[in-house]
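Worksheet: one structure, shown below.
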Amino acid sequence: MNDPHILSAFDRDLEGIQALIMKMGGLVEVAISDATKALETRDVELAEQVRKNDAAIDALEEQVNIEAARVIAIRAPAASDLRTILTVMKLAGNLERVGDYAKNLGKRTSALVQMPVIEGAPGALRRMGRQVENMLHDALDAFVQGDVELAIDVRDRDEEVDQMYNALFREFLTFMMEDPRNISACMHLHFIAKNIERMGDHATSIAEQVIYNVTGEIPDEERPKGDNTSYTFETME
Amino acid sequence: MKDIQLENRAVTDEKTKIAANNVNVYYGDTRAIKDVNIDIKSRTVTAFIGPSGCGKSTFLRCLNRMNDTIDSCRVEGRILLDNEDIYDTKVDPVQLRAKVGMVFQKPNPFPKSIYDNVAYGPRIHGLASKKADLDGIVEDSLRKAALWDEVKDRLQAPGTGLSGGQQQRLCIARAIATSPEVLLMDEPCSALDPIATAQVEELIDGLRTNFSVVIVTHSMQQAARVSQQTAFFHLGNLVELGDTDHVFTNPTDPRTESYITGRIG
Amino acid sequence: MTAPSTAASTSIMVADARTLKRNAAEKRFRAYGLAAIFAGLLALVLLVGSILNNGASAFKQTFIQIDVTLPESKLDKSGVRDPEVMKKATTVTYAPLLRDGLMAKLDELGVTDIEKKEVGNMISKEAAAQLRNHVLANPNLIGQTIPFEVLANGRIDGFFKGRVDFASAELDKNVSPAQLNAALALEDAGSLETRFNLGFLTAPDASDQRPEAAGLGVAILGSLYMMGVVLLLALPIGVTASIYLEEFAPTNRWTDLIEVNISNLAAVPSIVFGILGLAIFINFAGLPQSAPIVGGLVLTLMTLPTIIIATRASLKSVPPSIRDAALGVGASKMQAVFHHVLPLAAPGILTGTIIGLAQALGETAPLLLIGMVAFVREYPAGPPEGLFDPATALPVQIYNWTQRADPAFVERASGAIIILLLFLIVMNAIAVMLRRRFERRW
C-alpha cells in the first residue's frame, strides 16, 4: 500500500497497470465530453472522431487484461495487491463499456443531424454527460488515492443522473405524443439518455470497486436509485 | 449461494485441540516468543507463516516439547492439549510426542528399510504385539501417506534410497504410524521439487480428516493452498490468526498485509 | 554499449598479464605439491626398503643335521630312564655329544684341519638344551644314534646371509676361516641348509651369546595380551564417556573443563603415562612388574583420549536430523542414541579405536618404565592368569635387541619391526574395511 515492495519490479508492474487505467480513463472522459458536445453542436465530424477514438480505448482494455494476467501469473499477488489487480481488470471492463456507449452516442449523433431538432434535449443530455464525466473522473481519482469517501460520494451522485434520465424520459414521451414526426429523433435521444445513464452506472460500479480495493469489502447495502421509469407505464394511463 | 460450495475450505471442527495461553519462550535471556495466545482446532490445518526468525518454528517445537532438547530454552505460560498442560511435571515428553507427531524440514528417514522406518514408532511404543498387527499398521500408515502403491514391492529396501518427495512422505507415514492426534510439520516441503510438494500438499489436505495439522511454511502460497487457519508471526509476536481465505485476501493487521504482499522480509 | 576499443582489449582469446601470472602461480604450486608427495614417498620407500633389506633374512635360519649318539653311560647311569633322575645330566654333558657327532660327520667329509673346540662352536649354544629337552621327553632314545637338527652358530648363519666372510672371520675371535670351510663342506653334503625359521615367531628371547635362537614368541603374546586389555577397557569406557559427554551432559563450565582436559590428555607425552603407571599400578596398587596387565592399563590410559575424541567426532558427524526424527516419533533420548545414532557412528568409533590400538601397539616409552624391558624366557600362562606373568612387548623387544652387541641381533630387530609393521598394516586394513562396510549415506 504505502511501503514499496521488496521486489521493486512488482511495484513497477502495478504502477504501469494503473497508468494504463488512468490513460484509459482520460480517453473515456474525452470521449464522453466530445460525444455530448457533438450532439449539442450537431458536429458530425467530432462525432465521427469519437467513433474512431474508441478503438484506442478497446486496445487499452486488452493491454490492461494482458498485463493483469501477467502480474497474476508471475507475482502471485496477495491481499491488497490481489485486490488491486482484480479491481484494475474490472475497471478496464467498465471503462471499455463507457467508451462503447460514447461511440454509440457518436453514431446516433450522425443520424440525428438529419432529423428535426428537439428543443432543449441536447443541452440537457450534455449536462447529464458532464455529470457522468465528473463522476467517472472522481471515481478514478478515488482509485488512485484510495479515497473511500470520494468513492462513496460518487456512488451517491448516481441518483442525480438517474433523476435527470427520468426527467428526459418524460420529456421525450411528451414530445412523441405531441407530434409523431418527432418519434424517430426522440427514440434516438432516448437511447442516448439511457446510454448516459448506463455510463453513470459504470462509474458507480467503478466507485464500488474502489471501495472493495481499499477495504476488502464489497459494499452490499442498497445504493440510492433514482431510475423509476420502469413504473412510468402506470403513470401513462 | 450458501447451498453451493466450490470447495469445503472452511474450518470443519470448531473444537479446540491445542490451546496456548500467554506462552513466552526464552533462549537464555533472549525472548523468542512473546505472550502468544492461540487456539488450534482439531481436524484443521493451521499454517504458521512469518519471516525467518519470527519464532514460528520455535513455537511449533514447543507444542511437542522438542525444545526440551535445547538446554538454554525455557518455556513459560500454559499449552493445553485437550485441556491437559503439556508442560506439567507429570507429563513425560516421550508420551506426549507419540500423541503429537512431527515431520521435519529435511526428509530424514532412518538409514533402515522402509518397513523399519514406519514400524519404529509402533515398536518402541508397543502398539503391536504380533507381526501381523505391525504389518497392518505399516500398510495403513503408508496408504495414508499415499506411498503404499509406490513402495509395496520393496518394503525392505532402504528408506534413504527413495526420492526426496517419497522420503518426506515416508517421514509422514512414520509420524502417523503412532496414531498421533496432532501432526506438526516444520517446513515439510522446503527441500522438495514442485511435483513432490504438490503430492505432500495433497496428502496434508487428506490428513485433515483424521488429524489436527500444524504446518510451518515459508511459502505463503503453500499456506494459502493447504490451510484453513493461518497464523502470522512477527518478531516473536502472534500478529494475526484467522481463516486463511480472509488472511490472504483481506488481512486485518497492516504487518500481515505487508508480509504477504512482499513488503517486509 | 561498450566502445570497440575496450571490447578488443578484453577478448577472451588473449590471456592478460594477470591471468598468466595466476596460471603460473598455480603451476608452481602443483609442482611443489608433487615434489612434497614425492619426497614423502621416497622416505617411505627408503625406510621400508632398508628394513626389509636388513630384516627379511631374520625369517631364515641355518640348521645343521647331525647324527648324535646318546650313550647311556653319560646320560642315564642308573638305567631306569626316569626323567627326574636324568635331569642330573646338564647341557654341559650334552654339548660334547653334539660336537662329537659333528666331528664324525666332518671326518666323513674329509674336513680335518679344524680344532675340536672350533667344531663345538659351530653349533648354537642353544642346541645342547634342545637336545636335552628332546631326550628327557623321549628317554628310550638313550643308547641309540639319532639324527638331530641343530641351529648353527650365529656367525655361521651370518656367513650364509652374507654378514660374515673369510676376511672378517680372520679378525673375529668368535669364528675362524676353518669353521667357514667346514660349513661349506657341510652344505655341499646337504647336512647344512638355510631355510624358513618358525622359531623366530614362536621362540622366546635368547641371551646375548645365542642370537640365532632368539624369537618373538613372548613379545607377540605380551603385545596381544596388552591389546586385549586395552580393547576390553578402553572401548567400553571411552564410548560410554563419549556418549554421555556428547548426548547427555549439559553444556556448562564443568563439561567444558572436562573436554579441554581430554584434548590435553591426548597430547601428553606417553612417557608420562609410564611414570603414572609405575607410581599407581606398581608402587601403589602393588601389581607385578613387567606384567601385561600393567602395560595394558597404562596403554588404556593413553588410548582413552584418542578413542573419546574419535568417538565424539563420529557422534557429532551423525546429522541431528536423525536424532530429531527419533525423538519426533517418541523415542526416549537413550533409544534415539542406541537405536539410531550409535549404529551410524559405529564405523567412526571402530576406526578410532583401531587407530588408538595401533598407536598403543607401537608404544615403547611407557612400557620401559614399568619394567617390560626385562629379559623374559618364560611364556606367560593363558589368560587371565597370564596377564600377571612377566612378558615383554614387540616394540620393547625391538628396542632391547638393538641394544645388544652381536650384529645378528640387528637383523632380528629389523625382522621384528617387519612383524610390528605387518600388525599395524593389518589393523589399519581392518579399520578401512570396517569403515567401508558400515559406512552409510543419509
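Note that the chains take the letters A, B and C in the order they are written out, and that residue 1 is the start of every chain.
Throughout what follows, contacts are C-beta pairs under 8 Å (C-beta built on N, C-alpha and C of every residue); 3 or more make two chains touch, one makes a residue touch a chain.
Predicted model only: the values in this text are computed from it and were never measured.
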{"item": "Centroid-based (C-alpha) most distant chain relative to subunit B", "value": "C"}
{"item": "Chain occupying the middle, per Cα centroid", "value": "B"}
{"item": "Inter-centroid spacing, subunit C versus subunit B (mean Cα positions, whole Å)", "value": "59"}
{"item": "Mean-CA-position distance for subunit C and subunit A (Å)", "value": "103"}
{"item": "Distance from subunit B to subunit A - Cα centre to Cα centre, in angstrom", "value": "51"}
{"item": "Numbers and ranges of subunit C residues touching at least 2 other chains", "value": "none"}
{"item": "Of subunit C, residues touching subunit B in the complex", "value": "250-251, 319, 321-333, 335, 339-340, 344, 440-442"}
{"item": "Residues on subunit B engaged by subunit C in the complex (per definition of touch)", "value": "64, 66, 69, 71, 94-98, 101-104, 106, 108-111, 120-121, 124-125, 160, 171, 174-175, 177-178"}
{"item": "Of subunit A, residues touching subunit B in the complex", "value": "1, 3-7, 10, 76-83, 215-217"}
{"item": "List of subunit B residues in touch with subunit A within their complex", "value": "220-221, 224, 248-251, 254, 256-258, 260-265"}
